[in-house]
Amino acid sequence: MVRFFNVSFSYPRSAGVENINLYVKNGEFVFLTGPSGAGKSTVLKLIYLEEFPQRGNILLDGYNTQEITRKDIPYIRRKIGMVFQDFRLLRDRNVFENIAFALRIIGVRRSRINKRVLEILRDVGLSHKKLKMPQALSGGEQQRVAIARALVNEPFVILADEPTGNLDEENREEILALLHKINERGTSIIMATHNYEMAKKTGRRVIRIDKGKIIS
Amino acid sequence: MVRFFNVSFSYPRSAGVENINLYVKNGEFVFLTGPSGAGKSTVLKLIYLEEFPQRGNILLDGYNTQEITRKDIPYIRRKIGMVFQDFRLLRDRNVFENIAFALRIIGVRRSRINKRVLEILRDVGLSHKKLKMPQALSGGEQQRVAIARALVNEPFVILADEPTGNLDEENREEILALLHKINERGTSIIMATHNYEMAKKTGRRVIRIDKGKIIS
Amino acid sequence: MTWWYAVREGFANLRRARGSVWVSIITIALSLWLVGIFLIGAWNGWQVLQKLKDKLEMEVFLLDTVKVQDAYHIRKSLLKIPGVDSVKFVSKYDALQKFQKEFGENIIDILGENPLQSSFRIRLKKSFHTRVRVQKIMGQIKKLSGVEDVTYRYDLLKIIEKYLKIFFGIGISLGAIIAFISLLLISNTVRMAIVSRSEEIKVMRLLGATPQFIRRPFLVQGFYLGVFGGILSLFLLLVVIWAARHELSLQILNAREIFGFVMGWGIILGVLGSWRAIGKYLKEEI
Amino acid sequence: MTWWYAVREGFANLRRARGSVWVSIITIALSLWLVGIFLIGAWNGWQVLQKLKDKLEMEVFLLDTVKVQDAYHIRKSLLKIPGVDSVKFVSKYDALQKFQKEFGENIIDILGENPLQSSFRIRLKKSFHTRVRVQKIMGQIKKLSGVEDVTYRYDLLKIIEKYLKIFFGIGISLGAIIAFISLLLISNTVRMAIVSRSEEIKVMRLLGATPQFIRRPFLVQGFYLGVFGGILSLFLLLVVIWAARHELSLQILNAREIFGFVMGWGIILGVLGSWRAIGKYLKEEI
């Protein structure tokens, strides 16, 4: 469960978001749409604790941003899967290791890591690229690695920031299908996209944001 | 004018492109479409001399890849405007400086640089962000900076790799309009995109590529 | 289990950085080399000065009336005095021989008799070469019957003590400077190795890695850098020692302890440097 | 025009790197400091040994038959010999006084007469303290009438020459080592400062910047690092010199030339280090 209460946040000398109220129930799939610079990524950053609300507070699966200490942050993040808009893959290890890394940090056993990573690589259609370095992948392939990394440790919510921006029709449908499948297993999904049409078509809840405010 | 003669190129232990024949006349606007990993970026890299053909050769506005020496490369690149799929902005200088940089390296006078950069920033709608660092921009804003940098020194051809992937409908239309405007002034444009529909709609020539081969 | 991960990962870090790892190891090795050269130099200088001190003898001149029998007793008494290490008898005749050899003149020809006295030459134990202790021993000796006079080359002791003081002063200052230089160089090197990975550290934190988890591989990496830098510096030190012995024909002594110390210093600085460097990134907001 | 751009850009690079610039400057300063300490130490040691040499005197003993008048002539002849710097007359009587002061015995009481001779003490010019030249001068002096004997403390000269040789050997080796260390440290530091910008260099090349254009700001940056590191090291050197004078009360001489050399070395290494480091990225494919 993710819940925003009157949350405001602004970057130093720059826009941000204002007075956001939002409630995403467990198991829900919502889209966050809006034009470039609207504040979609900022909302996701707030959930991901990359930034903290300057006013208001956020409830995250039992945690409240006003009570969270620095020590809690890693543990909360592990329960959230994030697909970054700029991917943020580690440039110095291959695709397999990039995905495995999300499991290593939470202390999963080696044999289990192997099995799980190969599984997820198959799901995003990149089994044949598992030993490549991220720089040796096309833009769309990198995006799929980023998605795989977010999915791999079965978080309670997945935040996806423009996860299909670099993907062709076919791949986009596949990724969306994968997200739907994961959602059906009970994981909430919050997906930021500038593509209102696509979001609308799925029939899920669509939250529209513009200039840092929720408009519908 | 950009012309490919039976060009083949493959990455070490990885796909690439095979037997590409392509002719983009001066002043033409063509789309390069195809699924993720098809080889769109690779074709652009070959034009941009980031990679060299292993077989065949490429003609670039009078230069032939078989005769180009290391020394020529910078001068050829200056005549080509490239919008990279991953933007490649310099993280340690602000938006204005990032764009101005493309002019500084070719020795444009300071007063002229100022005027030109402000002009182009207005064109892409980022005048108010000129003093921000790239990291402080939203994904779509970064993309527009990358486009501005490619346009700023009026190249004879612009290569745009997925330049609207992170942009909302409205911004996308604006950028496309800008590219059309530039094209009308005589600059060729080669734009890689996974969005076949969008390309088709414009009525321009669309080249489809899949698994490293041109299929139509 | 998690430490095992850190050990593998620390090593992988080295492989990933490649070129710059060599730069780091060489920098560390050179810093440690400097420390080592200093230590060996200081230690050898110290030994030389100590040896000079040991050579200072106390001379006990006997009355002409003392018989060989008495001399034997005096010798026994001398050996009982605390601080006396060895006692050597030099007879009137020995003294004359020595004099003639040194000055080339026959005093008996001039004076008609041997004006020199029999004496004991006393070597003191190492720690007794200080003015106070020497004074005390001389007092005790003077009280013995049959002893006419006791001499000790105070002037030389003073000179040696002065040099020891200067040596100590220079040694400690230079040592502090070199330790400081090596400290800064090594921790800076490790820091630079980490600066280039700040992007990665940020990603790790975003993925929910705990600070300890992020830190550990870097500590291990610092440890490796210290070890490899240390080993390389030992090599370089051996080369220097060899050259000093063969090219300058100096009698250089090398001590295992110095080697151990150099290695230890490298490892400590490598690990602490990593700790300090990584701390900066872990404290940042996010 | 384009150089002006490089100068501004080189400075901007420093501002952009912030933290790591301090690390670089400090590393460079410490390396140069080491070079400076060595040079000052070596120079002072050299001076001390030279001064010792200058103090070695040649003694010319005169026959008892020589009158004051003749001594005056001998003095004049001595001064004409090449290599002789100054000549001082020590009469029979002076010599006796000195002897008594030194040995505390009155020889006249013993011998009934003054057995000592009048002499000249000769100081040689700096460059004449070598065995061959001393020998030659002695030969010339011996030929003068009225001269009974000429002595010179060969043994001391030998010792000093031995020490000079050792000093030279150690000095040159240590100097080479330190120069080498500073070379590696400084060029490594500059290299690390550039490694962290490899991404940026790649982007510049992709935008069509020529190698020279990319290189220049880095050369300027290396120059700045050398200058700032050099200035800081001069400060540190002044501190060391001050401390040596006041704390150890050593008579340390400092030479402007050494300061100039240290600065120059820093700047050269900074610029060359940049050149070398940047070259690697410019040669890469793309």
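Think of it as A, B, C and D in the order they're written, each chain with its own count starting at 1.
The rule is short, and it goes like this: a contact is a pair of C-beta atoms (placed from the backbone, for glycine too) under 8 Å apart; a residue touches a chain by one contact, two chains touch by 3 or more.
Since the model is a prediction, treat every value here as computed from it, not as a measurement.
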{"item": "If a chain touches chain B and chain C alike, it appears here", "value": "A, D"}
{"item": "Interchain contact steps from chain A to chain D (minimum; 1 if touching)", "value": "2"}
{"item": "Farthest chain relative to chain B (centres taken as mean CA coordinates)", "value": "C"}
{"item": "Chain centre separation in whole Å, for chain D relative to chain B (CA means)", "value": "62"}
{"item": "Length of the line joining the C-alpha centres of chain A and chain B, rounded to whole Å", "value": "29"}
{"item": "Chain centre separation (chain C, chain D; CA means) in Å", "value": "26"}
{"item": "Multi-chain contact residues (two or more partners), chain C", "value": "none"}
{"item": "Residues of chain A whose C-beta touches two or more other chains", "value": "none"}
{"item": "Overall pattern in which the protein chains touch one another (line/ring/star/complete/other)", "value": "ring"}
{"item": "Chains grouped in pairs wherever the two touch, ordered by label", "value": "A-B, A-C, B-D, C-D"}
{"item": "Chain D residues touching chain B - in the complex, by the definition given at the top", "value": "1-2, 5, 16, 199-200, 203-211, 213, 286"}
{"item": "Chain C-facing residues of chain A, complex", "value": "48, 50, 73-78, 82, 84, 88-93, 101-102, 104-107, 149"}
{"item": "Sites on chain C touched by chain D in the complex", "value": "19-20, 23, 26-27, 30, 33-34, 37, 110-111, 166, 169-170, 173-174, 177, 181, 184-185, 188-189, 191-192, 195-196, 240, 243-244, 247-248, 250"}
{"item": "List of chain A residues in touch with chain B within their complex", "value": "11, 14, 33-38, 40-41, 85-86, 132, 136-141, 143-144, 161-162, 165-171, 194-197"}
